[in-house]
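Sending over a structure as structure tokens; questions will come in a sec.
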Amino acid sequence: MKMNRLVRLVLIISAFALIATACGDDDSADSDDGASVDSGGDGSSEDGDDGAVPVEGISEDSITVSVVAGFSGLFGEVIQGIYVSGMETWVEELNASGGINGRQVNLLQVDHKETPDGGVAACQEVLSNGSFTAVLVQGTEAQAAASDCLNSAGFTNLVWTASDSFIDSWEHSYSVFPTEEGQGELLAQFVAENAAAGDSIGVIELNVPVYTRIGDAFVAEAEARGLDVVDVLTVEVGQASFTPQVLRLQEAGASTVAIFVTNEAIQIASDAAAIDYSPAFTGALFEFDFVTQAAAGLLEGASGLRLNATIDTSEYADFQALAQKHDRSGALDGEAFLYYGYGLLLEEVLSQAGDSPTSDSLVAAIESLDGFETGVLPPITWSGGGLVGSNAMFPTVCCSPDNTWSASGPPISGE
Amino acid sequence: MVGSIQIGRQHSSGFAALAGVAVVAIVGMTSSEVTTFKIGLILIFVTSAIGLHVLVNWAGELSLAHAGMVGLPAFVVAKLSSDLDVSPLVLAPVGLAVGVAVGGVVAIAALRVSGLYVAIVTLAAGIAIDRFFFTKNWLIGDGNLVLSPPRLGPWELSTARSLFPIVLGVAVISAVSVRLMMQSRVGRALSLIRTDPSVAASVGVNMAVYRAGAYIIAGALAGVAGAITPLWVQRVSPASFPLSLSFTYLSVAVVAGSGSLGGVVAAAVALEGFRLFISDTSFIAAYIGPVAVIVTLTRFPGGLNQQGRWIRGLVAGIFTKS
Amino acid sequence: MTIVLINGFFLGVLYGLLAVGLVVVYRVSRVITFAHGEIGMVGAFVFAALWLDDGRPLALAVAAGVGVSALLGAATELVVVRPLRTKSRISVMVATFGVSNLLLVFAVRRWSLRPRFMKPIITGGGVRVSGLTIRPIQFLTFGVSVFLLLALGLLIARSSFGLRLRATALDPIAAAEAGVNVNLVSLGSWALAGALAGLSAILVSSQVVFSVFFMTGLMLRALVAALLGGLTSITGAFGAGVALGVTEGYLGYQFLAPGVVELTLALIVLVVLALRPRGLLAAEY
């Protein structure tokens, strides 16, 4: 009797589960987790033309694109603000002016949660949410996992950057910027070109993989170029004082200190000042305006390379005017400007994909770009057959009167 | 009479567990890839949380190194798999062994102290694992270890659905093993140590051995969870095992409360499920996690297990009436 | 090397100051609070908003910041600690972790997670010692710490509140039977610890990168200091904090391999506790 009841219970629950999964969840339109936010349109997949083969993410009047970033968690609100100010400003303006070849662009937010498992889940969501393509705009290990997973599925996507090891194994993921190692090498070239005779270099890296990947590549390239790297030191996240490290570099006679950190740059500069050590600071991942603004003059004279143009450019003024036109009251800064740049790049790619976009025409469009200029991003070229869109970055120096970074010349390219 | 009610309760919870597994199996095998993948992540989380449940709610011990105890086996399996081109499936016992070893080392550190001192000792161990081991190229590669989809004979298990039975099986075997151990002499001894150490000592329970055993059991389950992570996600990086994850695990164990596995499964599903299935920056979504932990602890101090008892009693009543 | 040791001393003063707040809480509630840093952080941000953004007088801003932290400490006692008084200490510890998360979420949403500039509450050229400039704010922090050590020592040892605090810590039931308002003593202690957190955070805020996470890393060190000091000894916690700062500076200067400082500090904790399982200076009541 008990067993009969048990069997009945299992059967009833199973039946409910089957009905629930059959009704609410399938591979073609997975919206069960609420992770997708449709910024307009229905995001469905329909025939592009009567009789034509249906293309995922393309309908008669819309193109659906996933934007992958860390939209949730503690960092989520900041990323969300940047996304709205940058990419939504772009897409609203684009759609108001008729869209792309008569199609409105719908952006779907997909959250990678800043973890590799979240990245894989984001990838699977992109594969099932009816997107034509995806652009991965932010993150490190999470976006690498997402882009790698999309690549494995043969899904063409644009990712902001990746490490050399990924790029070497990819076929369908296109990096917008130089690889992480490429950024380190480009910085070494920049430092070498500006070095005076007898300069020696000290290096401080944050003990986190993305920082050490860029830092180590910098060191290797700097040494290959004959620069004198006197010491390479590692610091920890949350470290309260960097006096031991800057003292070591001072004692080693480093005239230039390359730092591969973010917020820690402020404390490093402060601790250096406390021991009367004033090297030329350069490095990567600290060239954000919010860092120099919080440093309030401590990083004056620091130089480096940025992925996108600084906010003292005419392009930023244009973006600002556009954002105000669209009533963007949130974050308007260098990061929102960067996201706006992604929008402009996406617009070009989708336009080049033709009146009847297909996955093949998308690839052809990407690979047709040759020195595409936005004024926000460095010139993008995928026409040479590689997966890296740009091997250039913007030289920049600290600081403008409002403590933001200033442009110090046109983008410089890797040799 | 009391005995028959007891048996009825055991049966009813067994039936409920069986029904639960059946539902998870059906949902996992019939849902989209993304849903199945997330359910698999929850199962892995549940497996490792059960280990901490044993440690906290049975043995009365504590660990803030659990993320490291999961992460270290995951990296060892992933690195070996990547370097030797061996399926992580084959290397699962290595993960288990590493988990046991890490549990043993943490036990050595924790056994000398007691109470909240254990929290700091294990936190120090967790920080050392995170900052030292999870930054070494010989263990983590360049920070992103990527594995090929595992193979089973001629078949490549490239989809979440194809791998789901393995992950579900591992989670179920882990839970059943712990459940059986709970009912054995080991479980009774651990429980006695937690509730009354002096009585435990007086009846000849070797406290040090059992306390160390609890850490090793926690390490073993963490090792199993760590070993199947590379199999399931196929990408491992230090970002997968942040220090804060140890606090999440501890929150799960405390919210579950002492008692059976039902509470820890419910707490783990709720916390990890929320993280994975809710992607929202709204006011409510931001605050609900910490608020849920505080409310559960202060309003239902016995944890979910205590709250679940009346449900189990209800179900037991239905079956015993027949 | 002298520079590193002097700098480590002043860094250790920060650890010690924060560790003292943890001891105040532990003495009365027998719990390690993970919310101490975030309670102070919110107070420091309130202070910054009033002083730097709104241009309010310094004293008013400090009072408001410390007051907000004291209120948060008291609220934590009322909402989290009191309902769990008879429950496992681990439950209370996890609940304070929940409070910490809650305050972090609030702070990120209110003040963003980006760093911001924080002006020290006293400025000046500083004093040059062996090639290291010690800034006025560092001397002030040291002075305030010494004052607080003395004041807290007197409060606990000599005042009637201290007597009730010690009685509550020893045996809350017996203390209640003897007429001690245990609830009030507990509430007062948490408010006091909150105020300490706020004051500490205001002093610390201009010495490190000021973002909503500025207390998180420091609190891990402070926890270790409180533990090594014996959890119940204010002087022990402060001394351990200073020792930790100096040791960290020395290790950071001597050992260059990634993660070695953290590994070595963890080993020191394990060895010290293996030799003295109740810390170096566990105080009697």
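Letters are used for the chains, namely A, B and C, taken in the order the chains are written, and counting of residues starts over at 1 for each.
Keep in mind that, in the parts below, contacts are C-beta pairs under 8 Å (C-beta built on N, C-alpha and C of every residue); 3 or more make two chains touch, one makes a residue touch a chain.
This structure is a prediction, so every number in the text was calculated from the model and none was measured.
Contacts between chains leave no pair untouched here, as each chain touches all the others.
Of the two chain pairs examined here, A-B and B-C, it is A-B that is joined by more C-beta pairs in contact. Centroids built from CA atoms put chain C at 37 Å from chain A. Inter-chain centre distance (chain B to chain C, centres taken as mean C-alpha positions): 33 Å. Residue positions of chain B with contacts to 2 or more other chains are 131, 135, 286. Among the residues of chain C, those touching two or more other chains are numbered 105, 109, 220, 258-259, 262. Counting partners per residue, chain A has 77, 207, 212, 236 as the residues that reach two or more other chains. The touching residues of chain A, counted against chain B in their complex, run 1-2, 5-6, 9-10, 13-14, 17-18, 20-22, 25-27, 30, 32-35, 71-72, 76-77, 80, 109, 111, 113-121, 124-125, 127-128, 140-142, 144-145, 148-149, 163, 165-166, 169, 207-210, 212-213, 236.
Within the complex formed with chain B, the residues of chain C that make contact are 30-32, 34, 79-80, 83-84, 87-91, 93-95, 97-99, 101-102, 105-106, 109, 220, 223-224, 227, 231, 258-260, 262-263, 265-267, 269-270, 273-274, 277-279. The touching residues of chain B, when paired with chain A in their complex, are 11, 15, 18-19, 22-23, 26-27, 30-35, 37-38, 41, 131, 135, 140, 142-144, 146, 160, 229, 233-240, 275-281, 285-286, 318-319, 322.
On the side of chain C, the complex with chain A involves touching residues 3-4, 7-8, 11, 14, 104-105, 108-109, 112-117, 126, 131-133, 135, 208-211, 213, 216-218, 220-221, 249-250, 252-253, 256-259, 261-262. Partner chain C is touched in their complex by these residues of chain A: 74-75, 77-78, 207, 212, 231, 233-234, 236-241, 243-245, 247-248, 263-264, 266-267, 271, 273-276, 290-291, 293-296.
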